[in-house]
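Please find the structures below.
Below, chain A partners chain B and then partners chain C, in two separate complexes.
Right after this comes the complex of A and B.
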């Protein structure tokens, strides 16, 4: 196939000579398509490369009505981007294969994130929280040292060389002594099993005291905190007897920044019904506090989790309106030279604009649960994801995989329950997803399907996960028609702007 | 800059390679440059060069009656050929040394600055370099490998790379190759096995679709082989640079090529966009190639900023700053080898002269109509 022998003569030939003329017709490679607005449709190939084309183009391509000469630009774009081929087996098929493997390589190492619900106790009484308890009863609501040990054993079994151990609550810092125990123990074991450890504490920062910081700093523990917006929203959302949640959060944030460094503290936004009316104010608050990122998370449907389709749809619509208003404000800031990225969009944009793997537990296929994350609850029960344990708090144990100290690694990760979930965690094989143009940018969420629709498989036309992601992805493409916004998006992906 | 000179040979039966010296005591060097008629010290050297006419019956290889030898400095490496031609292989005081491995090529690019020759010179060059490489100073910072297509030396290519690694472990090697030979996975694998961290393979890629690339390099299947070759090199851990020459055939799909590179070859270490050089075939094909650089700045800006936004390492070579928009200046490098780099009279008035890469000497023949001094008032 390769000729590197001497050339017969060196007379220059015209470009036509180098074109493949045997082709009376081209062959289709796998791709999906979708209208994204009244004028434009999108074509997306198997590795997530896309082309934006006028509505009707997909039909022309599929009916083989494309003319190599007349539609030259489009024809060449389709060849170059692996949508069509002039040969039955494309000559660069193995490049496409390598790209596909790369995209899915977030699966290569298996479970990284191990969540330890170190205590269910909390001193807040947030109205949207279904889980936490205000109590002094440590015996009942803190994770026992035995369960911590057993959790670490399972964690060290993971084939992944990079392990994240995340402490959640309730309010994790109320069990700080147990966190200290767990960190030291995990570090000891990590040496033995050659694991590279990252530690995260999720906290509202209220119980943070100065004597905790040296330990947190010494062990490079990241602090993941919460900021719901300006004081009137944050304090309303996060109820404390003193009504000062905002003030203690900001104080804690600043203390952490000063002592642990800017990069070791982040804040998450929980969207509530109240937040939905204040998108601009929330973004402004994040900028005011000096953040360079904000995560516009959807309202967790577990609070209102019902099978009420109409209500779910309405809630999602309200969230999307909120999301877009906040997003516009964020774009505004970037245009004015203040770098701030929206994290959910950044995950999707990485999938759209780069060829790198993006393993984000809430938006991947196969899903993040089990593959990338596992949850050890305070009582020793093991769940497939954080949402799965929320369900369990509502007495639905569908996604419980085992019990610490009783179940073996294989029973947890490869058992009957895991197999059942696995049937439904790959969007390539779900009706409504398998043919969707946005498939490679999206994911699967069996827990959400189960919670909102009564089964893990789900029904896409009324599915809130689908409704939300379809619109956000479509919206991002819509925005990218403005080249200056596309440039901002690139800076979100790389984390630096010119 | 002169890299070649000629005199009358005497008693040269086989090419002689060595470092030149004018100091008779410098006997660790191989070739003596003498301006006198004869001295006994001549016997300490493998050969003697002289501008003087020498009628000799000595048993020592001599090239005499050479018109000029001023261009040779102490320690420069030359090859003395049986026909009296003296080629400079290595210049000690230059940072732009390159080893031309062969003049054969399996492509025939429209804008080739050094048109290939079809005679088989591979034995000659292999022998020349395997002797010259040990003589190169160990502190040499960088050497280019060029052709023709260097990989056409086959196993001898691998041997020379290996020898360069052993003799000059600290020297950066920059090898220009069309990458097609690496479509054979075993060739890429063998380069990988040499495991030379300082080897960079610079591969040209001219379009995101096969027929335009194939047309520019005048070889069917070249595009697929080159892409395959780059993938194989990456698989075996090799460092890769992509080179794109800017001309009428590459400009229309330049932004799409940039996208193709980021999507399919994001592992490459460097991407160089290069202005056209008016040497070799270029003049013959000028109608198919010429576009004033000023006219392609929009396409170039789009391609460069796209790649740079994504964190790719991008350079622009062979461009004059006055032809580039200001936001591209930071990508521009002084890339033209010292011996063919010139500036115009107009340039002497320019405040950016020190930072500008200037022009190929051949640019005299054809250059942008917009060369103009830039003033910072």
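Right after this comes the complex of A and C.
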């Protein structure tokens, strides 16, 4: 949507139009507002359409001080974008309903992403990882064929015709034989249940061998890897006895690109305390390796954050400084003609600039857990999200929904536990979120609230999720006032630079 | 805002008239002060008594805080006006959006014509 500040003209109108001064008796439609900077505030309606206006405009609108003739540009923008109406029920309410339904259409098909923690074994000993085990004991830490079968049964019950089966670890490739079994079995079942399958393996690429690649290629399996930055960061973050994690990752990346194609391999950044001091170097490394995207993910609070308000606030502020420095570098590359997008911002920008929802589970309301993702752990336990199983590794089983082979589909997805979580998973009904201007761009995260604040509902003023998202969304709008940056943002959504 | 008292030991006390700021506005506004402050709200005879103290050792800048509170109260009062005025339309919108979408179907039975004109001609 165009900001009214920059609009230059409107259509020609007859003189009679200007003689009618009696319309300031309009009706408000649901919208929220928030200051973006000292000069500009944002108005956001119920379906996420926005207007950037001078500070004080919201007050003028709400107190019905707007003059249809004097403030014609603004007035017509507000009418046409469902911020106000000249009738109690706007004549085009059906359009607004359809828009609202579209924004929430990620709910239509229910759970798509099914994560199978195929093994907890790993040959890395990363200091931030609470879940992996360095062991040869396959029986204890690999998912059994029985649990794989039961997981596939549950997966095929999903009403969603498009299913993603994602293999995680530990290090998933250490159980490659089980992955092969699971892929073949799932494909067989998918034919029967008419499901369209997508497969993903999350791996650090260290155990990748040449004989694995033909199977991965044959079954169109996507590889999701990790790159934490240049060698001195990556190797420090990801401990291996040989201290060569970076080298094997790059070798694996190149091998995958050559055999599977550029589009079938991606890399994720795990941000650690060390990374926070090197935003520029990390972006440069991604460019050096030829990536056209980078995901600046915040430090995971699981395992160390607990309920320390001060520490959480400090970590969030430090991350935001890191994020903005890295982001400036990314914008700089784009301005120089190298296309590289930041994935977290892209998710938010898609919500801001398009009418459609985004399938990113951490920024949804109702939350992505259960609705879009479910996790089957190596031991057969079922969790509401990946973070929920991390909590379980710290002996907190709050978000365990059932056990494979024992719980029915209804018990897992519509049981008591799911209902309890559901009471806290819509930001429309959470204190602090209900009147927040950024509500439709944000989400709800009961697991994070529970992990960092001790309850699923959460307390927004000291909430890390809220602090991070409020500032990133405000920052994006602030940058968007620069038209050259808005153009770059739009290119991230469309996937091409022009 | 009345009876403003600034205390040296990092506290600020004041009262608010309920006729100007209703309970929703007062509580929603001061909810957000929980980031840096401890807030205590009492009510007596349509007047809210608000006590704000700093959570940290940092000294409260009373003038700055008062300006912020006044602006925030106005903003939350405006938000409250929108919330209350648009409550019905929001409920209607959500209900209709999530109601099962069905197109009107022609009745399968024959259309009756008790007053003598044929509606299928239109």
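Here is the rule we go by: the second predicted complex is superposed on the first by the 473 of 498 C-alpha atoms of A that agree within 3 Å, B and C clash if a C-alpha of one lies under 4 Å from a C-alpha of the other, contacts with A are read in each partner's own complex, and residues count from 1 in each chain.
We adopt the following convention: a residue touches a chain if its C-beta (ideal position, glycine included) is under 8 Å from a C-beta of that chain, and two chains touch if they have at least 3 such contacts.
Since we're looking at a predicted model, the values are computed, not measured.
Of the two partners chain B and chain C, more residues of chain A are touched by B.
In the superposition on chain A, A:93 contacts chain C only, with no contact to chain B.
By the document's definition of touching, of the two partners only chain B reaches A:493; chain C does not.
Look at A:461: by the touch rule set out above, it reaches chain C but stays clear of chain B.
Of the two partner chains, chain C is the only one that A:59 touches; chain B does not reach it. When the two complexes are overlaid on their common chain A, residue A:104 makes contact with chain C while staying clear of chain B. Look at A:153: by the touch rule set out above, it reaches neither chain B nor chain C. With the contact threshold set out at the top, residues 94, 98 of chain A are in contact with chain B in one structure and with chain C in the other. Across the complex, chain B is touched by residues 1-7, 10, 12-15, 17-20, 49, 76-77, 79-81, 91-92, 94-95, 98-99, 353-356, 487, 490-491, 493-494, 496, 498 of chain A.
By the touch criterion given at the top, residues 104, 106, 108, 110, 115-116, 118, 149, 152, 180-181, 183-184, 208-212, 214-215, 218-221, 224-225, 227-228, 231, 253, 256, 260, 262-264, 266, 285, 305-306, 309-311 of chain B touch chain A in their complex. Contact residues of chain C toward chain A in the complex are 28, 31-35, 74-76, 78-79, 81-83, 85-86, 89-90, 92-94, 96-98, 101. Contact residues on chain A toward chain C in their complex (touch as defined above): 27-33, 46, 58-59, 62-63, 89, 93-94, 96-98, 100-101, 104, 313, 431-432, 434-435, 459-462.
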